Amino acid sequence: MRVSVQDAPFDFAGEAREFAAGRTDMGAIVTFSGIVRDTGDAPLLEMMIEHYPGMTERAIEAIAREAQARWALGDVLVIHRHGRLTPGETIMMVATAARHRGDAFAAAEFLMDYLKSRAPFWKKERTAAGADWVAARDEDEAALTRW
Amino acid sequence: MRVSVQDAPFDFAGEAREFAAGRTDMGAIVTFSGIVRDTGDAPLLEMMIEHYPGMTERAIEAIAREAQARWALGDVLVIHRHGRLTPGETIMMVATAARHRGDAFAAAEFLMDYLKSRAPFWKKERTAAGADWVAARDEDEAALTRW
Amino acid sequence: MMIDVLYFAWVRERIGLPKERVETSAATVAALVEELRAREERYAAAFADISALRVALDQELAEFDAPLDGVREVAFFPPMTGG
Amino acid sequence: MMIDVLYFAWVRERIGLPKERVETSAATVAALVEELRAREERYAAAFADISALRVALDQELAEFDAPLDGVREVAFFPPMTGG
């Protein structure tokens, strides 16, 4: 298990390659990557991600341990950026390795659902019209009830 | 949408990078990669994958179009190898891009479930004890009923 | 009519060839299977249990009671194991 | 007792600082919120609707009726938007 909370950009594909490298025991690798999206009315200039140093790592590690307890996983990777990002940049990724695809998919979705609503990150978007905190979506909170 | 059925090895991470490159409209990228797994009683020497040229591409394209009809996807990629593979090699991958993670995850799982049981590939495993066709698993067929 | 008949995986191995042209007047896939079974032991062995087999007509999955009318290519194979 | 109180996102912006040490005898988070609200308008504004807020005690999510006994760090913030 590896968890990294960092302001530095990272290469999603390179991380995925390293995560999968040399495995002959795990048949299934699932990755999710989240990208800064520019789809509002006003063009997005930048996204600022604030977090709670210390708690962030603890919260993500607890979520990852819970995933490992629920599914038969070979490995888990979570990388999440904070600081200033521009459209097209990778915000975060998760990767899961398992013998069977069902475990790898379920664990990756579980990690994402919990990271969305239980890891202390807050996004603020800046457009020419000003800067606003991204509101939590009801469906993200609701997504937790399925686990 | 890109579908490739090929005997040549491919670099899952490089393909994932290219798939995700330059997107500022899609916030979520999900990838699945299947790796030749060596977990039987006798060490696996190689896996041979037979397919039905012509039908294979048609079947995968039909599955990918169905995924695009069901979910709001920006793009879909499917690469599947045939021929001789050794443990640790990547058999296949799917990648999905969507605005929202739910669509990207659901479409990737759907693609995998259908590729498993509806695309004309057959795997044969060779160990020191001999060679055997991999039997279809009941749960793979059952997985289709959820869609 | 002349039909191309293809075999894959262990069906191909039991019958001993990947493809052949077959002259038949069978109305359905099931009738074609009966004709093939009657040919030789290796065909009878390959088609002993059609519940273990799948069939495609012109590269689309089909049922064993499907009509052969107008079909140019029939393929027999075990359940698929891709992914 | 002395407690470190942290604010994040728009809670931090409304109150105007990220962190402060607070002397309090509040028994629960809710009681601490009442004390903070009474201080100044900017606190009253930040804590106007606690249903829009979340709280963590020593870096673990908690409820507003949780006791403060033994807690060293309290953080207030809006619902999280990671991922």
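Details
For reference, chains read A, B, C and D in written order, and residue numbers begin at 1 within each chain.
Operating definition for what follows: a residue touches a chain if its C-beta (ideal position, glycine included) is under 8 Å from a C-beta of that chain, and two chains touch if they have at least 3 such contacts.
The shown structure was predicted, so the numbers you read here are calculated from the model rather than taken from an experiment.
Listed by label, the chains touching subunit B and subunit D alike are A.
Each chain gets a centre from the mean of its Cα atoms; for subunit B and subunit C, those two points are 26 Å apart. Centroid to centroid, with C-alpha atoms defining each point, subunit A and subunit B lie 23 Å apart.
A separation of 48 Å divides the Cα centre of subunit A from that of subunit C.
Touching of two or more other chains is recorded for residues 34, 101, 112 of subunit B.
Residue positions 83 of subunit C are each in touch with at least two other chains. Pairwise chain contacts present here: A-B, A-D, B-C [touch as defined]. Subunit D contributes residues 6, 8-10, 12, 56, 59-61, 75, 77-83 to its touches with subunit A in the complex. Across the complex, subunit A meets subunit B through its residues 11-14, 16-17, 20, 22-39, 87-88, 90, 99, 101-102, 104-105, 108-109, 112, 143. On subunit B, the positions that touch subunit C within their shared complex are 34, 49-52, 54-55, 58-59, 80, 91-92, 112, 115-124, 133-136, 141.
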